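Given below, in the form of structure tokens, are the structures.
You will see two complexes here that share chain A, one where it goes with chain B and one where it goes with chain C.
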Partner chain A sequence: MYDFEFVKPASLAEAVAAMGRDGAQALSGGMTLLPTMKQRLNQPDSLVSLNGLAELKGVSVAGGVLTIGAATTHATVAREAGAYPALAALAGQIGDPMVRNRGTIGGSLANNDPAACYPSAVLASGATVVTNQREIAADDYFQGLFSTALEEGEIITAVKFPIPDKAAYVKFAQPASRFALTGVFVAKGPAGVRVAVTGASEDGVFRWTEAEEALSANFAPSALDGLTVEADGMIGDLHGTPEYRAHLVKVITKRAVAAAG
Partner chain B sequence: MAKVTMTVNGRAMSAEAEGRTLLSDFLRQGLGLTGTHVGCDTSQCGACTVHVDGLAVKSCSVLAMDVAGANVTTIEGMANADGSLSTLQQAFQDHHGLQCGFCTPGMVMSAAALLADTPKPTEAEVRHHLEGNICRCTGYHNIVKAVLAASGQDVGKVGIAAE
Partner chain C sequence: MPKDGGIGASTKRREDVRFLTGNGRYTDDINLRGQLHAHFLRSEVAHGRIRGLDTAAAAAMPGVVRIFTGADFAAIGGLPCGWQVTDRFGQPMQEPKHPVLADGKVRHVGDPIAVVVAETLEQARDAAEAIVVDIEELPAVIDMKAALAPDAPKVHEDLTSNLCYDWGFVEENREAVAEAFRKADHVVSLDLVNNRLVANPMEPRVAVGDYDPWNDMSTLYTTSQNPHVIRLLMGAFVLGIPEHRLRVVAPDVGGGFGSKIFHYAEEAFCTFAARALKRPVKWTSTRSEAFITDAHGRDHVTRIELALDKDHNFTALRTETLANMGAYLSTFSSSVPTWLHGTLMAGNYSTPLIYVNVKAVFTNTVPVDAYRGAGRPEATFQLERLIDKAARQLGVDPIELRRKNFIQPDQFPYQTPVAVVYDTGNYQATMDKLLQVADYSGLEARVAEAKKRGKLRGFGIIHYIEACGIAPSNLVGQLGARAGLYESATVRVNATGSISVFTGSHSHGQGHETTFAQVVAEMIGIDAGQVEIVHGDTQNTPMGMGTYGSRSLAVGGSALVKATNKIINKAKKIAAHLLEASEDDIELKDGKFSVAGTDKSVDWAGVTLAAYVPHNYPLESMEPGLEETAFYDPSNFTYPSGAYGCEVEVDPDTGKVEVVSFAAADDFGNIVNPMIVEGQVHGGLAQGIGQALLENCVYDENGQLLSGSFMDYAMPRADDVPFYRVDHSCNTPCTHNPLGVKGCGEAGAIGSPPAVVNAVIDALHRGGYTHVSHIDMPVSPARVWAAMHTK
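Here is the complex of A and B:
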């Protein structure tokens, strides 16, 4: 890994100032960033650790909305997000116990890996990504492979999840990395049903709108029987062909609907 | 370079570190605590597992400066005060839970974290918890036996349900 200047601010205001410098990169859990820096795929001039900011940590519930601080670890969400059981279950399946003790929701969302778990929950829940500058709706936030609406220097501070009536996440895990070969988050709330798929598309997380329409009319796995998913644009790699992933999208969505009840 | 201080196995310890110095390198090269092993260096194998403020983490994917001031426990801190093996370490020896021994420090640290939260885990819970620790020798059954034995449970049927 190339060397860099390490900065650990004690407040969000200090972190924002440090991120304003050229070549600055935010560091949260580092579970993706540090391995990519070891491979010299990323070479920031300075790393701004968000791990000392208590104001970015914690889980709270108010008025049917679950708010998670951006620097909250997956292990903490798994343990403390009981008000939204599908989300807590998702957090408890990310990586392995050591990764969950270090990795954070804000870090996962800022990176937007096409096979990460959290983006599907954020998109299916219609959650809001809160930054030091603004609030971004999930539908506007994800902009393709490793791309988000975040501007240079912008820091995610929290994520607000409206708690749905029913929800479930089912992941078909790639057994070595434990990333989603295909993962589907289904949420049924007052605004209807939302289905978000991760791990499958070359464009990253996406909503399967045909399934949403079918499930809004009839929230049952059989409602998806007549639908097909196109292999075009799906990821193909040594773990699975585009056709295989397209097939998985439907199978896993059915399982998620069944699990949501 | 800057001086970084943390409490390691109950003692305040310091060494010079760069921004990029990993906790695993800080422990091994800075402090001479070579019990923490670096297997893959890509956060897959878990051989480098240590506890930071009571939580198991992969020390090859944590910056030393980011945990300055923390309480760190390594495999060197796991034995009893008189130098004899802890219950968990002794169970690894008794149940042949290691062959080459390279993954063992990480296995012990990971298992110790499990037993701290879940004193009587099921076999399935042990296997699930050790997902982030890879062993090339044992086939895992004897490691699972060791962890269950350390928790005071019968190990006679380990591996049967998993087959």
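Here is the complex of A and C:
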């Protein structure tokens, strides 16, 4: 690890100010950032820790919306997001206990790993990503592999999830990392059904709109029978071909629908 | 019931107290005064010529003490290979030099180019980034078949090709085997890959070199399975330091699985640099470094064929294997695909004619060497997969086909056509036991129940044999080994009766400190707590060859028995003197010497005290003291065997395989500590299931390691394996070692991969996917799904 300055702001305002300096990098749980720094693949001049900011932490429910502070750990979400059981279950399946007790929802979304779990929940739920500057709709937030709508220095403060009527997340784990080889989050709300797929596409998390239409008409696994997913654009690697992933998208979506009930 | 702490007792492992409380003393725990840190600058390309190496700027950086390059080692020997294989034509294998640091060329990703030694590790790493290396990248050879093409780039330009050797065994049988195939009523063949693995012990490798100039004494602390072997190889062949000026210490070692047998460049480097700088030099491997520097395992590509007569008797077996050596010959690499593999191709069967051909190939990859089982898993996998395929092809029961061709219980000792003589075994008995333990009679009901849940359930069975307790030195010498394979023990009885045992074996997870003490305690009849086992330091243990090949109890334990018998014989003489009786009348029972037929006795401590305070002692005829050393060289290998049954469920939608139950019936001969033996089997099974379902070391065509971290290299985890059902009641004791033991460390890893794959194929056939005859390991979800849908 290269030398860096560690900044521990006492407030969001201080954090925003610290992020304005050249070479500043926000640090949340550090589950991705710290390993890359240890391997000397990343060399920030300063790390601005968001972990001590109470205003970025906690889970609350109001008016059918579940709000999670950006610096809330996966373990806390798993424990306290009972108002949105599918989301709590998703959080409880991320990584291992050490990761769940350090990693945060804000960190995961800012990183936007193409095989991470949270992006599928945010996209399928039609959630809103709240930052220190604005509110970003999920459909506008995710912009491809490790790429988001966040501007330089912009900090996620919370995520607002409208709680759907029915929802489920099913992850088919990559055998080594246990990230999603393919993960599907299905949510059925007043505005219809949304299906978000992670782990499968070269462009990161995406909505499977044909499935959404079919499921909006008939929320049952069999509604997907006639659909196919194109292998083109799916990830091919040691753990599966694009064809296999395309196949899994349908299988796992059916399972998510069945689990959502 | 066995005596608590004696042979046969499931005594809890005494070493676990320090291991489980975090109080082990591993090599990385050793930090010496004035210690420097070494960081290796390693090649990022698989094959290249070093055109320039500029260390000037790096050498001027803070904390840098010295930068070493290949030039510093020009006058030093290379890392030696410990086994010279002779090829089919009577010629020695091609043996390239393996320099400590690259000598102008790099031959795999991870090959060391330079080493920065600095006051701190971070300073060393900073400076390494300032070294300017100009490498002309050369085309890499990764695929073995491509490496053997006439125009393939050569890994070593001074060799005639990338072929290390073309080995035939038994070469004289080649034509007779071909003839048997021509006459066969049935021929079954199978092409398969034994996947390349990374050992990944929990503790990565570490080396700390130290030098005391005032006594001209070098010390190397290292993560080794065999410190004496390292001292011999490094001292005699690499650095030219005589044994009395070189001490090698392997303290607590956190797993090896073979990968810590070998002598590595980092060990020689730290020893060399400590001498050069007159300060201790430490190197600790990162996990990333381990992936590209620890010797890998397996990596065979094989075609195997079986000839059968009309009654389904095996009449001949033939295999052709390409075995990957990697870029250099690691210490025992050459022996693994040959003598540790070809000699096991008879399996448990009375096949009269066998021919094994192995071509060992150099590629631009990390060296490949012994990994838990070493050659024997590769043999077992081929054979047991092929027999399963044969049963399916012939429409017969795979269990009955095996039973029919088994070497029968009355045929021992059995001379196989591949040189070795099996002393004991009863394969029908272990097969019977396995079917019982696995609840084979309930299989069909379980298959039907799984089907209701949409799962394809199947059962795979195998029977394995392995050759352990390596090995008779005169035999392995004839086969090309450049070392003996005896073992040693010194039993030092202290004045008050406690005992210190110094063994040449090394424990890195096996529990020797417990089991070896059980043996001595049983023989003398004292409490095991009175016996300590000392291992791992060349300065206080007799020359021994270390621990691998399931040899410690069979060979090291036998040396221990011999030394303890010498102690008992001398102690009886002392007791006879003290009791004024004839030595022939002295009996030793429960730690007490008594005169037969009388009530006269003296206890153990009375005798040991007399030995060291010899006031009343036959000094004219016997030396005082009570300390004996013995060396034991086995007369044969030992032959553990067993039947394994694996039950899997395949999810037809995703191809995911779940091992739902696993049963094992092993014949390990006599057992000293049943709990430890069961634990060894559990660990081996997990490792074998890992190979079968998860683990895969993969290079791309340029020689970059794609599975270079745990993000892509899948190690088995607790929820990947079932609760095991293990039985050790069918024991035919080894006939040629004093304990009647055979060894148990590798069996699980040898027998489980074919059991898992056989079970997957069975499940697919039961589910109607009868076109699938084989799936290469790891049998991953993607591969199973692809096999199901590819005709």
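Everything that follows uses one rule, which is that the second predicted complex is superposed on the first by the 261 of 261 C-alpha atoms of A that agree within 3 Å, B and C clash if a C-alpha of one lies under 4 Å from a C-alpha of the other, contacts with A are read in each partner's own complex, and residues count from 1 in each chain.
Following the convention adopted for this analysis, a residue touches a chain if its C-beta (ideal position, glycine included) is under 8 Å from a C-beta of that chain, and two chains touch if they have at least 3 such contacts.
Bear in mind the structure is a predicted one, so any value in this text is a computation, not a measurement.
K.L.:
A:F4 contacts which: chain B (first), chain C (second), both, neither?
P.N.:
In the superposition, A:F4 contacts chain B only.
K.L.:
One more residue to check, A:A176. First (chain B), second (chain C), both or neither?
P.N.:
A:A176 contacts both chain B and chain C.
K.L.:
Have a look at where A:G240 lands relative to chain B and chain C in the superposition and call it first, second, both or neither.
P.N.:
The second partner, chain C, only.
K.L.:
Figure out whether A:R21 sits in contact with chain B (first) or chain C (second), or with both, or with neither.
P.N.:
Neither partner.
K.L.:
Counting only touches as set out at the top, which of chain B and chain C does A:G30 meet: first, second, both, neither?
P.N.:
A:G30 contacts chain B only, not chain C.
K.L.:
Considering only touches as defined above, state whether A:N101 meets chain B (first), chain C (second), both or neither.
P.N.:
Only chain B is touched by A:N101; chain C is not.
K.L.:
Considering each complex separately, which residues of chain A are in contact with chain B in the first and with chain C in the second?
P.N.:
Common to the two interfaces on chain A: residues 1, 176-177.
K.L.:
Quick one: in the complex, what on chain A touches chain C?
P.N.:
On the chain A side, the touching residues are 1, 39-40, 172, 175-177, 181, 237-241, 244, 247-248, 251.
K.L.:
Residues of chain A touching chain B in their complex?
P.N.:
Its residues touching chain B are 1-6, 8, 27, 30-31, 34-35, 37-38, 47, 49, 51, 75, 95-99, 101-102, 176-178.
K.L.:
Mind listing the chain B positions that touch chain A in their complex?
P.N.:
These residues of chain B touch chain A: 18-20, 22, 41-44, 46, 49, 55-58, 61-63, 65-66, 110, 113-114, 129, 131-133.
K.L.:
With touch defined as at the start, can you tell me which chain C residues reach chain A in the complex?
P.N.:
122, 125, 129, 288, 653-654, 656, 693-694, 696, 698, 706-707, 710-715, 780-782, 785-786
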